[in-house]
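What follows are several structures.
Look at the two complexes coming up: chain A is in both, with chain B in one and chain C in the other.
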Partner chain A sequence: MRKVLPVLRELTRYKSALGGLIILSFIVGLAIYAVITIPYGEAVRLWRGGEEMWRYNPVNAKPVWVNYFTPQKLPKTLILTSMEDAEIREEPLGKTSKKVFITYTFDYQADVPPSELAIVYKPKFKKKGPLVSVTWTTPDGREIKFGRMSIKSVSGSGSFWYPISLDKQLIKQFGDQKVEEGFFNDPHDERKVLKGKHRVEITAYLFEPGAWIETELVIYGTVHGLAGTDHRRRDIMIALLWGTPVALSFGLAAALGTMITSIIIAALGAWFGGWADSLVQRLTEIRMVIPTLPILIMVGMFFSKSIWTILATLLILNIIESSIKSYRAIFLQEKHAPYIEAAKSYGARNLRIVFRYLIPKIVPMLVPAFVLAVPGYVFLEAALSVLGLGDPVLPTWGKLLSDAQGKGALFQGHYYWVLEPAFMLMLTGFGFTMIGHALDRIFNPKLREI
Partner chain B sequence: MEDQVLLQVKDLHKWFELRKWGFIHIGFVRAVDGVDFDIHYGEAVTFVGESGCGKSTLARTILGLYQPTRGEILFEGKRLQRLGRWYRSQVGYIQQDPYGALPPFMNVRRILLEPMVINHWGSKAKREKRIREVLEEVKLTPVEDFIGKFPHMLSGGQQQRLVIARSIVLNPKLLVADEPVSMLDASVRVEILQLLEGVQKAHNLGVAYITHDLSTVRYFSERIFVMYAAKLVEKAPVQELIRNPLHPYTQALLDAIPDPDPENAHKFKEVPPGEPPSLLRPPLGCRFHPRCKHKIEGLCDKEVPKEFEPGPGHYVSCWLYK
Partner chain C sequence: MARAKRLVHPKGRRVQTFLRLLRYTFLRGLAVWIALVVGIFLTIMVANMGGYVDKIKKAQIEESINMQVFQNPAYQNLTTEEKRKLAQQLIQLEIERLELDKPFIRFDKYFWKSRAFRYLGDALVLDFGFAEHIHSTSGSKKVWIIIQERLPYSVLLFTTASLIVFLTSIFVALILSRRYGSIWDRMSVSLAPLSTAPAWFYGIILIMIFAAQLRLLPFGGFVSIPPPKTMLAYAFSVVQHMVLPLLAWFIAYIFASVYSWRTFFLIYSSEDYVEMAKAKGVPGRALERRYILRPTLPPIITSFALMLIGAWMGAIITESVFNWPGLGSLYMQAINGFDTPVIVGLTMIYAYLLGITVFLLDFIYAIVDPRIKVGGGSTA
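Entry: the complex of A and B
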């Protein structure tokens, strides 16, 4: 700690390092926040969750803050429940049956129509399900009747989804307009949304005593959350948040692991020499002509895509990388330094010389190299994910990019889907690089600014 | 105590094998080739010779950093090879380049602590006390100002004081000083040599002082050993040698000391022709004979000169004195 503090103090003299420190502490804070608020198991469950889990989210919705940059006001998702947002009226019908009117009224002020419409029926019945129908009154007074159906069965959670947007009758009725546009656009100017109060009345016939029905009207927006949603309605924020600890720990573990191990091997090799040293040298030379990415792809395809397997493969490959040669060259030179001879003269043993005299000499050179190596591994992990070799369970930045690429996000104008993970990756790289270059100047006196 | 032998070197050889492509034997570099001498308790001895004559190899062999090829070194009558680590605490080593001799990433305290930690010397408190003691002894005072500093924060003279402090921190009986002042400014040389003398007198240390500079010899040594081409050619007390050099090489060496006399400007100094021989294939017989003006044909170029004692305590390896 006594050695770290002066370095930190010196770092703050460089504006770029200060910026880097701020970025890095933001990223680290984000990582800690992610791990605390969404435990690992929960994150994995959410990310792998099926349709049920994300039903109330719109598909491919933009982030909410897009509203600050567009002249149009984009709608958020509106969920109206019969318990809270509706007027309910009952009419008895014979001995056992009754008629229930559920009336929603809502004010729609956005400039674009919603992305989807759906009604969730949550009926309670024993044998004969309710008969429902919907009357939608638009602000200009048009009345559209649709959705007459009898509910015969419900899903496990007791609900029946009626996707209005997919209703065949409505699709036919609105012609070349989308269903949502049909409800929300001005019939005289089909490019404009008619703002005002909509009234949706659901009529349900219940045929059993004690039967009841609750409904939800879901008006899917085109913006959602701070990060938007993907093609499977998942909140991208989860992957953005969880990508942070994954990227940081992968980058740090890979950089630290390869660096420490290759330095120790280089130091032992340079000090003791002999056949083991030669063997490592030859292996390194062979390794230098083997490309990394194809091997990682092969391991990912034939063996396992787990992030641990990839990390281990990467460690094994990068320990005997070309950097081991440059470390060894420094050690070979340092080996004959007078202070090493002095240490021998007062009785230092081999291992003590290697670990207390040889290695500490080059630690200052390594600190910046280490910091600069981290983003490389972060990018590598993302690159593997983009190639479809990411860990199958973890939500990561690379996974987002991979999905976005697979679904043609840029063709369809879902820029946020690509830009958000790319921004996080660049931010990480930027933070580490800014600190790394400042550290380089501090530890490498030739570059020092006065 | 004075005339008891501390270190005895008998017929010491240190040869380095030369190979081509790592395995084809070419020959041996005979860096030390048959050297005999002894150092008494509390006695300072100077080894003089020109660059490449094997002085530093001799120093390292005495320190046990090199295994001798042949011959033996006895420390207090015991063979060096048998002594192991204990011997490390009995010799101190002072190197030529003070900055290089100090690990740049350790501070003064750590540098002095290392030998004690490695040799399991004393308790923690005792070590701290000893650090302050030696720093005061080498006059790096006030101690608290220096104890946390790193070598690059010290001047050349202070660095060499620290090296001396490290060499004596384990209370050794013998110091090996390999050109301790040749890298220093002329202004601090005398200080360091006086410090070394003070330390030697205070602890009654045996000192092997190795130098190529005869002008620094008189500061504290009692005997001079002149080394030429891996052999000791003359051994004598300092005053005796300076007054009465016997070996032709010693004479040439002494002649070469610059004398600040205006008359010298017009005098021509005679220098032995040629260069010191290759240690890979040294000349037969006396190694100085190709350059010697007193060469005896048929003897000097055939047979290795024996050691003669023309005066009391004055030994010379030259056929002229048979």
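Entry: the complex of A and C
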């Protein structure tokens, strides 16, 4: 700590380092926030959850803040439930049956039609399910009747989804328009949305005493949350948040692990000399001809895509890094320094000299290199994900990029899907690099002079 | 002893230098060769993953033979039981042919004949066998032919890219180091963090801007489809497709490159011998060329060579982002199709390229750096 504080104080004298520190503390804060608010198991469950879990989210919705940059107002998802947002009217029909009218009215003021429409029926019945139909009254008074069906079975959660947008009758009726456009656009000017009050009346015939029905009307928007959603309706925010601790821990662990092992090996080789040194030298030569990325790809493909396996492989590969040569050169010089001679003369053992005198001496020189190495590993993880070799369970930035790439996000104009993880990656890269460059100047005075 | 040698007649000294060079070449070549062999052997071991790949291969053999037997009209009048028996026999034969029933390395008297070493021998003579699914446009399934077909594309794109980055950065860095502290200099320093992101990353962003949004340049590929008829139009189309990958590569590398060269030149231009030359009145250009550039050439060349090799390797992702039909895309294709021979073959090619580069670098060092003498270690 005594050594760290002055360095920090000196760091704040560099404007770029100050910027880097702010960025880095933001990222670290985000990582801590992510881990606390969404525990690991929950994050994995949410990210791997199927359709069921994300049903109320629109597909490929842009982030909400897009509204500040576009002249058009984009709609958020509107979920109307019969319990809260509807008028319910009952009419008895004979002894056991009854007719229920559920009427929703809502004001639609966005400039584009919604992305999807659905009704969720949650009926309670024993044998004979209810018969339902829908009447939709548009602001200009057109009445559209559709969705007449009897509900025979419900899913495990007791609901029946009726995707209005996929209704064959409606698709036929609206012709070349999409179903949502049919409901929401001005019939006289088909490119414009007719703003105003819509009225949706659901009529349900219940045939059993004690039977009941609840409904939800889901008007999917085209914006969702702070980060938007992906092709499987998942909230991208989860991957953005959770990508932070994953990227940080992977980058730091890889950079630290690689550096520590290679320093120790270089120090041992340089100190003991002889066969130990030449072994290290030969190993470095062998390592130089083994290509890193292909080996990682092979491990990911044949063995395991887990982030820990990839990390372990990376560490094993990089134990004998090419940077060992430059460490060795420094150690060879240090080896004959007076303080080492002194240690030898009072009888310090070899390992003590290596670990207590030799290595600590050059650690400060390596701090900048360490900080500068982190972003490389962060991007490496992302790169592996883009290649489809990312961790199968963890939501990461690279996964987002990979999904976006795979689903043609750029062709379809879903730029947010690419830009958000890209921004996070860049931010991390910038944070570490800005600090690294400043540290470089602090620890290597030769750079400071010029 | 050393003194005595220096007194040899000049002609004899030349012969001696030549012999020394020969010995040095041989020893270095041998060392690199051994490293290469060991490296390739390790790659083969990794590619085999402790027998895991054998299992995948066996499953593939089973599947394809079962399909052959059960769908072959020639065996139509056999009963299911007979068909199954026949398939079983054929599978056994195929497994024995590929020696999948024997361990990857055999610890008995056939040690040197075990598959690991046979693969190594094949790989060393560039015989990577046959691809499982991928084939070249000429229809060949030989891995070496497939690789040969893709190599020129990668070389074209990434040699161009590396050359542009290299020459620009050296040129700019020399200018900046002369105008140390100017606004351009400070700007280049503050832009250096832009180089943390790799080329594929900028590739995605550039595609977004220039292809998806502005529709100025193609999304990817080598040439527009269908290819233009005339030579000139064809070349133009290729250049058009090269612009974005080149730009991505340029943005990814130029800033860090300029920054590090600038720092490098600054350090070297404060060396004592440079001050000395300045004091002697050596003119600026000559000072730059002879006193700054010359001793800095070895690291410059190394970094260029490694950058070039790195470009061919790290380009796996950049190529697949831009759909460029080079080695990187081939790699991607092989990964997605589980085509082991192609993956191993490509890895070996990279290993070879690295090995050759390491070997050549030693020589280039000796030629360009006045302070290093070839093989001078023991005698001088």
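Operating definition for what follows: the second predicted complex is superposed on the first by the 448 of 450 C-alpha atoms of A that agree within 3 Å, B and C clash if a C-alpha of one lies under 4 Å from a C-alpha of the other, contacts with A are read in each partner's own complex, and residues count from 1 in each chain.
Keep this in mind: a residue touches a chain if its C-beta (ideal position, glycine included) is under 8 Å from a C-beta of that chain, and two chains touch if they have at least 3 such contacts.
All figures in this text were calculated on a predicted structure; none of them were measured in a lab.
Engineer: Is the arrangement of chain B and chain C around the shared chain A a clash or a fit after superposition?
Structural biologist: Because the two structures are overlaid on the shared chain, the partners are seen to fit without clashing.
Engineer: With both complexes overlaid on chain A, does A:Leu351 touch chain B (first), chain C (second), both or neither?
Structural biologist: neither
Engineer: With both structures superposed, pick whichever of chain B and chain C touches the larger number of chain A residues.
Structural biologist: Of chain B and chain C, C contacts more residues of chain A.
Engineer: By the touch definition at the top of the document, which applies to A:Ile22: first (chain B), second (chain C), both, or neither?
Structural biologist: neither
Engineer: Scan A:Pro375 for contacts with chain B and chain C and give back first, second, both or neither.
Structural biologist: second
Engineer: Which partner does A:Leu226 reach: the first (chain B), the second (chain C), both, or neither?
Structural biologist: A:Leu226 sits against neither chain B nor chain C.
Engineer: May I ask you to decide whether A:Ala342 touches chain B, chain C, both, or neither, giving the answer as first, second, both or neither?
Structural biologist: first
Engineer: Based on the superposed arrangement, let me know which partner A:Pro291 touches: chain B (first), chain C (second), both, or neither?
Structural biologist: Touch partner of A:Pro291: chain C, not chain B.
Engineer: Taking the superposition as given, tell me the minimum C-alpha spacing from chain B to chain C, whole angstrom.
Structural biologist: 6
Engineer: Quick check: in the complex, which residue numbers of chain B touch chain A?
Structural biologist: These residues of chain B touch chain A: 60, 63-65, 85, 88-89, 91, 93, 95-97, 100-105, 114-115, 118-119, 163, 166, 170.
Engineer: For chain C, which residues count as touching chain A in their complex?
Structural biologist: Residue positions touching the partner: 31-32, 34-36, 38-40, 42-43, 46-47, 49, 52-53, 56, 180, 189-190, 192-193, 195-198, 200-201, 204-205, 207-208, 211-213, 219, 263, 266-267, 270, 313-314, 316-317, 320-321, 331-332, 335-336, 338, 343, 346-347, 350-352, 354-355, 358.
Engineer: State the interface residues of chain A toward chain C in the complex, per the touch definition above.
Structural biologist: Those in contact with chain C are residues 16, 282, 285-291, 293-295, 297-299, 301-303, 375-376, 379, 382-383, 386-389, 401, 405, 410-411, 413, 415, 418-419, 422, 425-426, 429-430, 432-434, 437, 446-447, 449-450.
Engineer: Could you list, by residue number, the parts of chain A that touch chain B in their complex?
Structural biologist: Answer in residue numbers: 337-339, 341-349, 352, 356-357, 360-361, 363-364.
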